[in-house]
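Here's a structure for you.
Here the chain labels run A, B and C in written order, and each chain numbers its own residues starting at 1.
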């Protein structure tokens, strides 16, 4: 038996959109602590670790831990239809029920899919630098980079830097320490990443949330931010080729 | 000789768009009572009966009843160009003239087409239930349904209900009597209809107009509403297959 | 050595967009007077003569006149990324540098291309009539014309007129002298032009700028307007076929 009520529908919608930007499908593990999801994206180069605590639900009833396999494209389509003033009632029988109660009552059910591979392990990386950045600044910088290339070098030295070189031109954005919310550095770090993946990862990062980027040269990066009470931690493998 | 001036251009534009949503072409019958049109859509499952009284024109001169065959896609493209403060002067020689007089004078002429089949008869159906619904509520409910299917069951019992079932999920929206503007029921009624057709029929239904839906189990429905002084009555055949 | 700073980024962006609407590539000639460009569009029926005086730059340093071959699609993509509060620092080494300095510093470099054909001569035409028109009025009239054709007759007699005839209908817009900002006429003039080219030419014409159209029967027209301190003069060859 699983029944839960969500009243912060705006952040729920945004959380589902964030997941759907990276994952086609995945398995929510629901236990007394809340909802958890850890999965690789279809290209196997990005991992998302998602957690939403039970305390953030208006009500949360569960008799034993369960898994729910979700087609996130379907779930996102339906979640988009919720209105700000609705509450979402989740329930599970053979299908996952989402009832939007507000001015009207609208009941949706989606198929539960079989996505039963065990979740990947969280990578253990000794990051050598870290920066906290307002979401708008890093998202705008990635849009600049998009003009000339589909991959981008992220580096941390005296600041946080984004650079890329394409056939038709090059872009370099340097964010000095005073533009950042924090900067920590054991040693300078630099690696090259897919712009598409970075854009998908950051799609739902919005103020007042802050984006934390952790780097280690030629190693996967870690990006983390919150959507309301949801915590999202991403790992993205670097591109190997020289740049 | 036919000459008429329209000053309520907003509702004229919306009326032409409503007709163009259902009909590729059709024949306006213009007589001393006003403009009339009754035609089946190209798929022959929806009928529109349209009436705009002569009294709603700023001026209306006609020496004898006439027919004007119209390509509604062309007419809608041109009507979209009218500005709120313009007046529309209609006239007929070999082509239909539409002159928009406002800050500037812009004259359009479109070909009159040969669409001379006699209008279909209005179906005679003893409806067993009827509901009056604010346009936004029924249009939003159809958008919900669209997520999972391309057809939808409409039913009236203690309220007005919209339900559908698709491969990926199901949707059910129940509007109890207190959400409706009126509800009449001789017996419970239910039939299944094409969502595309319902969307096209309701496209221009906007407040303060009210949508009236009349049902009879497994029979065509009737939907009616007004656009300013225009009265639009639609019939839509049900889908035969079980659902 | 060339270094210049632009503080009126809005008009610079609009100027580059105006050029990119007509030209794929072209060569800026930069001398102590400012930036100059004269080139034919790829179809060889429209010519643009562009001038931006050195005085309109916040700073402008140049040791000798230079040519810079530009891919305007690339330049426009990058210029679109500038923010209203940024200043643009132009510089030239092997590539053209555009650094946007504002809240952040973003450096772009684009390849300088080899577009070294000598600029075309400005046509010498004795125009027989001329009208000054608010940009919105002529742009709206061209949108009306677009509904029925892809070319349009422009004429000046007692007013400025736009007319076209297509398979499905016809459009005529007459702007009497009192709707125009000025009208001069030695003799009535009329010629037929490509709507696509007229739309591209006028794309960035916005108030408070005024569009001046000069005509001579069956001869190229001249259209001129300003974008801030930029002066744009276009010539467009008429269509030969009768209409």
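Quick notes on this structure:
Simple rule for what comes next: a residue touches a chain if its C-beta (ideal position, glycine included) is under 8 Å from a C-beta of that chain, and two chains touch if they have at least 3 such contacts.
Keep in mind that what you see is a predicted model, and the values were worked out from it rather than measured.
Chain-to-chain contact here is organised exhaustively, every possible pair of chains being in touch. Simply put, chain B must spin 120° to overlay its Cα atoms on chain C, rounded in steps of 5. In whole angstrom, the spacing between the mean C-alpha positions of chain A and chain C is 44. Not a single residue position of chain B touches two or more of the other chains. Residues of chain A touching chain B in their complex: 71, 74, 77-78, 81, 95, 103-111.
Of all residues in chain C, only 137, 140-141, 143-144, 147-148, 168-175, 179 touch chain B in the complex they form.
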